[in-house]
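Structures given as C-alpha cells follow.
Look at the two complexes coming up: chain A is in both, with chain B in one and chain C in the other.
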Partner chain A sequence: MSDRKTWIMLMPALLVIVAFFIAPLVYSFLLSLNFFSITSNTTVGFQAYASILGSKSFIDSLAFSLTIAAVSTVVSIAVAIVVSMALRRTFIGRKLALFVYQFNIPVPHLVVAISVLLLLSQTGLVSRMLFALGIISAPSDFPMIVFDQSGLGIIIAFVLKFFPFIGIAVLSLLLTTIDDYEMQAATLGAGPLRRFVYVLLPMMMPSILFSSILVFAYAFGSYEVPFLLGSTYPKALSILSYQEFTDIDLNSRPQALAIANMITLVVVAMVILAYMQLNAMNRMGVRKDGEA
Partner chain B sequence: MTFMELRSLTKRYEGAKTECVKAVDLKVDEGQIVVLLGPSGCGKTTTMKMIAGLIEPTSGDVLIEGRSVLSTPAEKRDVSMVFQKPLLFPHMTVAQNIGFGLKMRGVPKDVIERKVKEMLELVKLEGYGGRRANQLSGGQEQRVSLARALIVEPKLLLLDEPLSALDAELRLEMRELIREINRRYRITMMFVTHDQQEAVMLADRIALMVDGEIVQYDGPSAFYTRPRTRRVAEFFGWTNFVPAIQKGRTITCCLGEFTFPGLEEHDGPICLTIRPEAAVLCPEDQGYRAVVRKAVYMGTRIDYEVECLGSRLGISLDSERMYEKGEEIHIKLIPSKIWAVKCDGKTVCDNRVVWENPAPFKTTSGGAGETIAPSVLDPPKLPSEQSP
Partner chain C sequence: MFVNKITSEKQAGRETGGSIDLIWVNGENYFTLRQGGLLFGPWADQIPNSVLVNWSDPSFAYDMGYEVDFYESPWGTAQYQMIYDSAKHDESELPHSFAELMAWAQANPGRFTYAAPPAFMGTTMIKSALYELTGGYEQYADDDLTLEQFRTMSEPLYDYLSDLEPYLWNEGKTYPAEITELNRMFSDGEVDLTMTFSGAGISSDIQSGALPSTAKVYCMDTSIANTNYVAIPFNANAKAAAMVVANILLEPEQQAQHIALTGSGAGIDVNALDGWRADVINDVYDSLPAGTIVSREDAARTSAPDLGGNLVGYIETVWTERIGGA
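After this line comes the complex of A and B, so read on.
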C-alpha cells in the first residue's frame, strides 16, 4: 500500500484526535496561561501554576488523587492475579465463575459507585442488615467506608471495576503459552511459589503494566466516582478543577485549567514511564503476550 | 536393570469419551534411550507429562528405581523435560536460563556459574551466556533448553519432540549431541517423536504407540524385520499388504499357496506384508510379470508402483535404469523382507516367526534368503475355489 493511501485511511481518525483531543489540550494550556482573558487581569504567564502549587488544597488533592489511583491499581492487580490464577484451572462451575468475573466490565463506573454508596454507606444495606441482626447497636456504628477522608469507598469502587479488566489480560496470558513455561519450570525443580515469582510474574508483567497504565490514568482523572463517594476534603483533583472552573470569580478559570493540565501532565508522565519500561522488557525479549 | 516402569498407565481427560493413554506397560533400562514413537495425537506427550508429574494419571503407576512417584510433585521427581518448543524464559539470559534449575535447588552462585560454563561448552555455545533468548537461532535455543535440563543431572531426561521445529541439518547435529550426552553421562532418556527415521537413529529401544496403546516395544531393527501388526508395518514403510487366507498351516494368496515351518494353526484372513525392497529384477522366465504404473526417482533408488498378479505393489529398485510407465518388468521377492500379520491393525498378532527358519516359502533353492518366484509356487487357490 502506498504512503498516500495509508495517510488517507488514517486521516479520519487523526482529524478526530487533533480536533477533539490535541486542540482542546492546547486551548486549555493557553487559557491556563491567561490567554484570551475576559477579565481585567490580562497578564499572560504561569501565575496560575505558581498559585496552585503554593496552595495546600491543591497539594492535598494531588496527594489524594495519586494515592487513590496508586492503591486502586495495586489492589486491582493483586486481586486480578489471584482470581486469574484460580480461574485458569478446570473446575466445576468455572464457566459461571468466569461470567461473574467479567460481568461488571461493561457496567458504568457511575453505577458501580452508586452500588457502593447504597451498600457500604452508614445508611446503606450492609449497615442496616448488621443493625437488624444486632451486630452493631446503631447504623452510625458501621465504619465510615464512604465519604471518608482516606477514600476507601472510592478505592473499593475502582477495584470492583478495574480487577476484571486487568484480570482479562492476565487470564488470557495464563490460558495460553505461559502454562508451558510453568510446566518447564516445574520439571526444573521450581515449586509453585517459585514458579510464580521467577517465571509467571515476570512474564505477566508486560500485560499487567499495560492494563495498569490505563486504570491508573482513569482513576487519577476520574470525576464521577470521587464526586459520589469522596469526602469534602481533600477533594480529588478533577473535582477541585471543576469547582474552580464553575466558580463565580472568572479569575479562577486559569487555575482550574492549570489543575486539569496537571492531571494530564501526571498521566502522560506515567504513560511515558510505563512505555519506557515496556520497551525495556521488549528489548529483553518479553513481548506483551508473554511469548519469547 | 529396570530403571523406570509404567504399569497400566491410563489417562482419560475430563469429558473425553475414550482414554487418551490406555493401560500402557513399559520398562526402561538404566542408561537407555527409549523412543516413544507414534503419529500425532496418539498420547505420547500425555504419557511423558504423566511420567514428569505434570499430568495426573487416571489410573496406573509410574515407578522410578522401583518406587512409585505418583505422590511426588513434578519439582521433586528429579525428572527433567525438554519440550517441543525451547521455552526459554524470555526475561532471563542464556546463562540464567541454564542455571535456573540449580538456582531452584539452592546451589551456590559460584558453582552455578562453573556448571553453566561447562554446559555451554557441552552444547557448543561458549560465549552465548549473556544473550537473551530472542538473540538465538532455533537450534541454539533448543541446545540451551537441553543444557538447562541436563545441568540438574536428572535421573531421567524426557525429550518431547525437541527437534521437530529444526531444519534437517540441525536435527542431525542435535541427534548426535543427544547420543553423545547419553554415552557420556549414561542418563536414561525417553524421547518422543513421530519421525520413524529419527527414532531408529536415536533409540536403543522403540515403543510404538498407536491410539494410546503401545503396539510394539522392540529394538529398532525389529520394526523393519518383524512388525507385529499391520499398523506397525505401515508406520515403518511396509507399503504392500497382500490379503491372504490361512487354513491350518497353509497360507493362500495371489503369490501362491505355501506353508511356514513352525506356523501356528489358524483359520481366517491374514495379511502378508512385503517391503518395497523385497523385490529384485530377474530374467523373464524366473519371476512375476509386472507392469510399471508409476516411477519416482529417489536418487540411489527408484520407487515404482507396479501391477502384478492383479495387485498393485510398491517396490523399490536400484537406479541403474529407470523403467517408464507401461513397461513390463519381471521381479522376484526376497523372503526375509516378507512378514505375516493379522489383518486387524489393532490386534497384536502372536508374532509368528515366519522367516526365522530357512525356506519359509517354497523357494528356488530351498534356502533362507533366496527369492520367491512363480515357477516354484503352486498356483494360488482362492478360498472360493477351495473345496468345502
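After this line comes the complex of A and C, so read on.
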C-alpha cells in the first residue's frame, strides 16, 4: 500500500480527532488566557493560572482528585487481580460468576453512583435493613460513607466500575498466553508464590498499566460521581471548574478553563509516564502480547 | 444553559439571527447578561400590558439590586418559605426566625441543614439570615459595597452560622449541594425542614410527587421576595414577536394559569386590578389547597427585597472562607 493511500485512509479519523479534540483544547487554552472576552476586562495573559495556583481551594481540590483517583486505581487493580486469579479454575457456577463479573461494564458510572447512594446513604437500603434488624438504633447512627470528606463513597463507586474493566483484560491473559508460561515454570519446580511474583505479575503488568491509565484519567476528571456522592469540601477539580464556569460573574470563566486545562495537563503527564514505563518494559523483554 | 449559548454567539460575532428570541431570567442571570452586553432593550415599557405592572415598586424596578431599566418584563414573583411535614409537626413548634432556629436546632440536633452556596436556595436563606441578624437590608443596598466592608458587617451572621454547625445534619461536616438533594432528604425523613422559593406555594410539587402530600409552607419573619422576568437577547431574530409574547404573559388569565401550574406569584399588580381581571386572579388563589401557600397578608408582612449581584458573590466567598472551607 502506497504512502498516499495510507494517508487517505487515515484522514477521516485524524480530522475527527483534530476537529473535536485538538481544536477545542486550543480554544479552551485561548479562553483561559482571556482572549475573546465580552466583559469590560479584556487583558490577556496568564493571570487566571496565577490566581488558581495561589488559591487554597484549588490546591485542596487538586490533592483530593489525585488522591481519590490514585486510591480507586490501586484498589481496583488489587481486587481485579484477586478475582481474576480465583476465576481461572473451573468450579460450579463459574459461568454465572463470570457473567456477574462482567455485568458492571456496560452500566454507566452515573447509574452506579446513584446505586451507591441508594444503598449506602444514611437513609439507604443497608441502613434501613440494619435499623429494622435492631442493629443500629437510628438511621443517623449508620456511618457516613457517602458524602464523607474522605471521598469514601466516591472511591467505592469507582472501584465497583473499574475492577471488572481491569479484571477482564487480566483474566483473558491469564487463561491464554500466561497459562503456558506458568505451566513451564511449574514443571521446572517453581512454587505458587514464585510463579505469581516472577511469571504472572510481570506478564500482567503491561495490560494492567494500560487499563490503569484509562481508569485514573477517568476518575481524575469525573464530574457526575463526585457530584452525587461528594461532600461540600474539598470539591473534586471538575466540580470546582464547573462552578467557576457557571458563576454569575463572567470574569470567572478564564479561571474555570484554567482549572479544566490543568486537569488535561495532569492526565497527559500520567499518559506520558505510563508510556515511558511501557517502553522500559518492552526493552526488558516483556512485551504486551506476552512474547518474550 | 442559555447564558452560555448567548455568550458564545456574541463571542462568535453573531449580531443578528440569534437562536433565542425570549429568555426567562432573574437576578444572577440578569447580572451576567447585562455584564456581557447580551440583552436588547429598553423595551418593557412599550408593551400595552406594561400598565398592569407596578413599576414604582422597587421589587419590580430593581432585579436583585440592579436597575431593570425596562430591559426585561415581569412574569412572576417568588418568596422564600420553609416547608415542613404537617403529619409530623405543627407549625407553631417550628422556628419562625433565625434566632428561634438556633434554639430549635439545639433541641433537635441533626434535623436541619441547608444547601451549600453557590446553590441559589442556600444563598437566599443566608441572605435572609443576614438581614435579620445584622440589622436590616438597607445597609447592603449600596452598589459600592466592598468585600472588606461586607466581612465586617456580616460578622454576626457568620458567627451564628458557625455556632449553628454542630447542630446541623451531619454536624455541618457536609451540606447538600443542591435544593433537590435537600428535598430528597426531607421526603426520606432525614431532615425535618426544607425550603422553597415559589411565590404561590408547593401544590404543584405535591402533585408531581416531589414532596409528600402532607407538606405545608410558612414564611420566616424575614422572607426574601423577588421577581422573575423575561428578556430579549441582543441578537434575537424576532424581537417584535418576543415582545408580543411578553405582553401575553402579563394578561390576567395567563398569570392565573402560571400561578396555578407552577406555584409562581403574580407578576402584575393584583391590588390595582378590578372587575373581571381581579376575579380571575382571586379565584385561582382561592382554589389552592390551604397550607400549601402562605396568605398574601403573611407574604407581604414578611417580605424583604432581594439585593444585588455583588452581595451574592460576597456571601458565597465569606461562607466558603468561614464555614464551607477546610
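FYI, the second predicted complex is superposed on the first by the 292 of 292 C-alpha atoms of A that agree within 3 Å, B and C clash if a C-alpha of one lies under 4 Å from a C-alpha of the other, contacts with A are read in each partner's own complex, and residues count from 1 in each chain.
Simple rule for what comes next: contacts are C-beta pairs under 8 Å (C-beta built on N, C-alpha and C of every residue); 3 or more make two chains touch, one makes a residue touch a chain.
Quick caveat: nothing in here was measured; it's all calculated off a predicted structure.
Overlay on chain A: chain B and chain C fit together in the combined arrangement.
In the superposed model, A:I38 makes contact with chain C only, not with chain B. Once chain A of one complex is fitted onto chain A of the other, the partner contacts of A:G93 are absent, as it touches neither chain B nor chain C.
In the superposition on chain A, contact is made by A:Q122 with chain C only, not with chain B. Contacts of A:R194 after superposition: chain B is touched, whereas chain C is not reached.
In the superposition on chain A, contact of A:P202 is made with chain B only, not with chain C. Vectors from the Cα centre of chain A to those of chain B and chain C enclose 160° in the overlay, to the nearest 10.
In the superposition on chain A, contact of A:M183 is made with chain B only, not with chain C. After overlaying the two complexes on the shared chain, residue contacts for A:M281 are found with chain B alone; chain C is out of touch. Aligning both complexes on chain A leaves chain B and chain C separated at their closest CA atoms by 46 Å. Overlap of the chain B and chain C interfaces on chain A comprises no residues. Note for the complex: chain B touches chain A at residues 14, 49, 52-54, 73-77, 79-81, 83, 85-91, 100-101, 104-105, 132-135, 148-149, 152, 158. Per the touch definition, chain A reaches chain B in the complex via residues 90, 180-181, 183-191, 194, 198-199, 202-203, 205, 281, 284-287, 290-292. Against chain A, the residues of chain C that register as touching in their complex are 1, 7, 10-11, 28-29, 31-32, 35-38, 110, 116, 118, 170, 173-175, 177, 185, 188-190, 309, 312-313, 320, 324-326. Against chain C, in their complex, chain A makes its touches with residues 36, 38-40, 56-57, 60, 122-123, 139-140, 144, 147-149, 227, 230-234, 243, 246-250.
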